[in-house]
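In the two complexes that follow, chain A is the common piece, with chain B as its partner first and chain C second.
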Partner chain A sequence: MVDFHLDVAEAAPNDERSKRRVTSGARRSSWVTPSRLLGLLIGAGFAGPAGFVVWRTVRLGGDLANVAKEVPGPLWRTVQLSVLVSVSAAIVGTALAWLVTRTDLRGQRFWRIALVLPLVLPSFVGAAAFIAGLAPNGIIHDALSAIGITPPRRFRGLGAAWLVLTAFTYPYVYLPVAARLIALRSSLEESARLLGLSSTATFFHVTLPQLRPAVFGGSLLVFLYTLSEFGAVQLLGFDTLTRVIFATRQTNRALSFASATVVLILALAVVALERTQRGSSRPDDRSTAAVRRSRLGWRQTPALAGCSLVLLVGLVIPIASLATWAQRGIAGGRVSINDLMQPAISTATVAVIAAVLAVAVVMPIAIATTRRPHRSSDIAAVSVIVGFAIPGLVIALALAVFTLNTPVLKGLYQTSALLIIAYVIHFGSQALASTESAVRAIPHALRESSRLLESNPIRRFFQVDFALMRPGLVAGGGLVMLSTLKELPATLLLSPIGFSTLTTEIWSSYEEGFYAETGAASLVLVAVSATLTWFLVLRRSEVVRG
Partner chain B sequence: MLSAPDTFVGAAVSLNGISVAYATDSGDSVVAVNAADLNIEAGSIVALLGPSGCGKTSLLRAIAGLEDPTAGSVSIGGATVSSQGSGKRHWVKPEKRNVGMVFQDGALFPHLTVTQNIVFGLRSMRKALSRTEVFARVDELLDLVDLQGFGNRLPNTLSGGQQQRVALARSLAPQPKVLLLDEPFSALDTSLRVQVRAEVARIVRDVGVTTVFVTHDQDEAFVLGDRVAVMQAGNIEQFGTPDELYRSPATPWVAGFVGEANFVLGVVAGNDATFAATPIGVVTIEDRRTDPNSNDVQVLVRPEQVNLRHDPTDDTEAATIRTVEYYGHDVRYEVELADGTVLAARTHSTELYARGDIVYPSFQSRQRGSTSAAFSVDHADA
Partner chain C sequence: MFRPQRCVRVAATLAAISLIAASCGGDDAGITLYSGRGEKLIQPIIDEFEEASGISVEVKFGKSADLALLIDEEGEAGEIAADVFLSQSPGSMGFLEERSRLGVVPDSTLALVPDNVRDDGGSWVGFSGRQRVLVYNTDAVDPADLPSSIFDMTNPQWKGRVGVAPANGSFQDFVTAMRATQGDTNTLEWLKALDANDPVLYANNNSIVAAVGRGEVDTGLVNHYYNYRALAENPDQPSANHVFAADDPGAVLIITGAAILADADDVEPAAQLIDFLLGSSGQQYFATKTFEYPLAIGESPANNVPPINFSSDVSNAGGIAFEDLAGGLEATRALIAESGLES
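Right, the complex of A and B next:
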């Protein structure tokens, strides 16, 4: 389903899947075992917010006239933006992946890594960077003026949102597609050539059908990302459903929940649609022979220009813009790095706790789906994915209203514990895929032999299982941590008073117009997330190593 | 059938001074094939045999146009398809060469059925063929590879052997002048491999297409190939019939690569230096590939040319049986001579020896091939 691997090296042997089929006889057995009940309980926790939103909407309903008036406009804009961004990210991501893996593009190794980097910027930070850059004294404003172009007065609306979101989300397509291209047997393409197809025809008739699952999977992530986007569209003045949910959450709760339900249905429908359309072909073989690279010839220059443009928009310009503001702030004594220490520490603490908790919570499900598959474990796994599909804002809203209205849980509201719970529900599925492959990394025979050698199950778990699973668990937890760092709307909604993270710091300083503070805090965030991205995603990635 | 000679005739392939080099990540260049010459007759089956990394696959890919040689020229049916080096670069794209290829993994398109895979190969001629003709040809091809009724299956529902047969049918669909096979049987398990390779041999002979295949398996090269090119480290060491390679190898390395080889030291004698005196008797030398000024040679003796006896003869030395491997139809022994030389011997299982027995090995001189090749002694690499 939603594939969070991007392409973090998955050591899982393929035969585990076929074994799963052999043992499917076990699926018919009882639902009531402790481990299955635990799995279902965890699954219920992940699907809970979605269920609560729907239930609440139905109970609060009756104000249909208001919904019919307020929802269609933002809904249309949300759909418009999500579709446009998914399509453009799919095209840009696939084209770049093809360029860096299948052609003689100059500086290929550099591009392979550099083109992943826009992933480190949260899109709202990117949007803020562009707006600040275009403001008087901003770097883009000055650069354009210097070459005699009048800088655009305003940078907002559909076009701006489309550009910014594409620039920061195409890596979600680029990474899995590049990984698939590296793994794809080049003999398929060579066969097509020898059967008389030109290189262009070969791409469309042979390569693209093989890439379909990767393109669809990546585009789905982009679609869900755009659907739940809050910060960037707010800054760029493009009014979508998330704005309605956020703005009316206290004044018109029925409308807020109805909008949340609409987003939720949209998200789940797209996940289901992607599942039926993606096709079943999975990487079955690693290519062994050297890949024949297409000669770009005269297209070398336009290709390099395209890559440079993408990198400029997605990384260089925003970072430069943030850096100039930050530098001015620090030079002018208006911003001190010390002020950022507290938010940085809070961010890191919350992210680490969320990551560890997420891995621990999905572990029983991962063990069940890989070792003792049963309908109950499938249901639990799908519930975890529901938690990702619905926007963080909707989860936060559901948790806030739920705790406020449940006397026993009232104490949880306005605590960082609730914020962490929201993160775990929203990003748990990012840990699930890696945790599953970590569990699969321990062959059955190894567990049996360790059982014969060490009788203490706890010691056995730490000495054998945990030791072998650690790389996978770190990768899974790392993805959760990375996402948590960049999350904005849930953090805004659930942060205890006086508790600030880097994202909330960036948001509030920007809203107050302190570009210098925005710049400094963003750079700290980018530095942290770049470090994590490097260690957890890129270093292990075939795309970078290959 | 497709075998009608007027529709399907193979073309001669000739390679002149072909070199292939790869650039490594560190910027160095690795030479895979070094100025190779090869002339392949129209309609024949040729094996490229060698250890892994010898350049055999690169050479095959150079014929297909999947590799861009750094020097030399390739022509198919008399027409130059690639030439490099002196003069203008000439290059015919792989899709324009009318060459079929079967890959090690079959390379069937996993998203297409068996029929769609084969129709893919008919693409180039689809304009000339009606829909019924296309499907008639698909049926013919499925018939040829004995897979009638499999048309609607997806590749991943077929066994490895069936996949390779579909790959063969697909590659033959556009009626190529040359068929290239890149280790097509190596992914199959042993018993299946023998069966599939016999079938492929039958089909390509029926069809009459010029066939070049790559293998690291000497049995496969000898069983299938009319002629075999033995390659090592980017060079073609020898090109000849299997019998020529086995009886009269060009170098001790080729001798050892195409079969088990013993080398015994001998001294050349006789008027024309046609005999050599060795510890296992006098050997007739047919090919003397040595320095004419030296009388010391190393003589190639195949294990089946070593005869073991209980009784001594005039010119043989005593030896001890060290190992016994019993195969049923024959027995392989390793015997150690007094000077420590170990010889392999293969004999019929009519007379058996045990470990530790004292025997007198001699050169078998009463059958065909009772001659041998002699090499300079400094060829110690065998």
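Right, the complex of A and C next:
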């Protein structure tokens, strides 16, 4: 904790000057200040697994001819899928966020909460639920047949992977965009309407440009998620680069690590592109004036239908499908919910710790990138973000190798502490964007006046800054928590012996073909995730109250 | 009101507790097992062993291949945490053997099984077996039409009617076995013919059996027990297993093996654990709960599973030393890729 106090103490008095420096000589200023060193140190921690991948690739001496033969096909499919999913998630997430914050959509409170929930399902479970639902006797199959549509015989390939991943990842865009819309005054939009622009034109010409950083940040997360996704694409038979990483991890380690390096390069390129393209955003300016909401009029019905469709695909269908599995087993007396209590508690505990820790760790970087931009803070931020593109298995191996070969750290191997570190490295990027906008949300004037009232920077940080940042921090921590709840490969490898989470239970049941147990454990995971999300995130964030 | 300081303190305390709890679990008299076989299919028998022997067993579950990678990294650092490794895939066992991470299983334990289901050098011993079969939809296929050799599944009659999981470990193990008995050239030819016959590709055995059960595809190449388990779950599913002729590569037996790791601290209790898995209660557990083939001499499979005589019925029953095959699994994978089946 001492770390970011230092940073705040150092950053605060220089605030106004630093704003000027951004435009003048920021890039030339010194790298050796406590806050920059701290940022770089944190960034180095996050970059560890990436360094491991590159080091292994070099050491194993990837056979370039082999890489040139095996990688291009899967690479092209990876790019196709990642681009498609992030574009569609951006559209769906932004449209939904606008509907629930800026219009008179009916049942707004319900939609605001429900539309977050598709994030709670591990995507391999979602994919499995779809595959089963489309089978004869499956719920989608029967529903389609009942209304006279011939259900598709196969649910595979690019289209299937695109649909499933979009349905489960759009909340990465929806959440930050909704938060941003709530924080933005609607006065510009009102002026636009008064000047005669239609509500559609107002959205595209006035609202959307202000949302750009939020939309880009969220879409970037979706892109990186798709890049490192393995379970769902494998089930849906779409052959991407992660498949090469996994299929050759034992038989051709050089190719496996070379493929991971390719994923890494792709991620770096996209992260760099996003950072140059997202543009700057003006600070939030909350006003007490009521937000003017567009009247949907005749569009009320199609809007409601759209929200329902998204929720149907992302939540209702998979859950109903899982429920039919679970119900068969519970009716047969083979599934006991009690057995799932222990995993449920340990899952929730590590997820909450990982979320708090992730927010705390990325905080100094968020403060640096927003208040005192410098190349060092950009480097640190990029390291944090790239952690999300590296498959969990690789992060786990990197941490295992690191602790096993560092005498003082050996004691950490296979402890929950190391597991939590892995989660923080893997998912820190999800906290970063929200934390950055939370820092940005503090009006300069307020920070000035607080300085007069409270001279102790640490106390000032907690009493003023923290209070104002809370909604953003809670949203960022919430994303980390949800991702941790459903993480599998790193959990399997790094967890202490005898430690199981709901996701490892789901996986082991599914792997062995026990669908009833898979269904029951998945439903418990959804229930735990939804409960935690409600009590820890939504209730405290403005997405609900706004 | 929400107090950040308190929050931080609570989080720090929780972290400290979990750290302590984790480090307390450490070294008592027990042994450590890394199991590539899922908890539901092995933990009950481990519990029985603990009760019978008084030896405590700590188990880490995971995918065989991932655990093998982890053991290899532990070995690289001179810190192998596991005493015993159970592998669902001969490939992972071969990988560790090649990397010199395996110790030796005592002769008395090796003697419990026929010599074609254990490693010649004694570095691993099989404790249960999965046979490769053809699962078929009984509404769509007349059993009389089913061939006795997997080589006939590439005939035009089966065009578009065979489900395959080419990226799945057990399919690759089966192809490796085919290379051992038929040679690379014949194997590649068969893979190409299969690919040309418009097979339906799936992610794993489970998906194939489910797809066959619901009539999405007529037949599929899988391990034998998936269908028995699917039937236990839904007895009305119209699916059955067809076993190819005993000497056919399509009927190969894939072995789940146990090994004691190099520089294991507790060789004696580790061997006791493996002996228990090969004892009557262990073997009957696998026979009746997972519908696999018990491998210990004198044990028989579950009622509805057709018995195998290891010395005569399955000529290539697990007796293939995967690690001796030139190139091992990597060469198999390359062959599958070359045939065009995988993409």
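To be clear about the criterion, the second predicted complex is superposed on the first by the 337 of 546 C-alpha atoms of A that agree within 3 Å, B and C clash if a C-alpha of one lies under 4 Å from a C-alpha of the other, contacts with A are read in each partner's own complex, and residues count from 1 in each chain.
As a convention for this text, a contact is a pair of C-beta atoms (placed from the backbone, for glycine too) under 8 Å apart; a residue touches a chain by one contact, two chains touch by 3 or more.
Nothing here was measured: the structure is a model prediction, and the numbers come from that model.
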{"item": "Contacts of A:Q300 with chain B and chain C, given as first, second, both or neither", "value": "neither"}
{"item": "Contacts of A:I353 with chain B and chain C, given as first, second, both or neither", "value": "second"}
{"item": "Touching partner for A:Q210 - first (chain B), second (chain C), both, neither", "value": "first"}
{"item": "Touching partner for A:S198 - first (chain B), second (chain C), both, neither", "value": "first"}
{"item": "Chain B versus chain C as contact partner of A:I497, first or second or both or neither", "value": "second"}
{"item": "Which superposed partner A:G73 touches (first chain B, second chain C, both, neither)", "value": "second"}
{"item": "Chain B or chain C, by number of chain A residues touched", "value": "C"}
{"item": "A:R185 touches, of chain B and chain C: first, second, both or neither?", "value": "first"}
{"item": "Residues of chain A that touch chain B when the two form their complex", "value": "109, 185, 187-188, 190-198, 205-206, 209-210, 279, 281, 284-285, 288-290, 292"}
{"item": "Partner chain A, residues of chain C touching it in the complex", "value": "2, 4-5, 7-8, 11, 14-15, 18-19, 21-23, 25, 32, 38-41, 58-63, 65-70, 73-74, 76-77, 79, 81, 91-92, 95, 167, 200-203, 206-207, 209-211, 214-216, 226, 229-230, 233-234, 328-330, 333, 337, 342-343"}
{"item": "Contact set on chain A toward chain C in their complex", "value": "1, 70, 73, 131-132, 135-138, 153-154, 156, 234-237, 239, 243, 247-252, 328, 349-350, 352-353, 356-357, 360, 393, 397, 400-401, 404-405, 410-411, 413-417, 420, 462, 466, 470, 489, 492-493, 495-500, 504, 508-517, 540"}
{"item": "Chain B residues touching chain A - in the complex, by the definition given at the top", "value": "22, 25, 57, 64-67, 93-95, 97, 99-101, 103-105, 107, 109-111, 120-121, 123-124, 156, 167, 170-171, 173-174"}
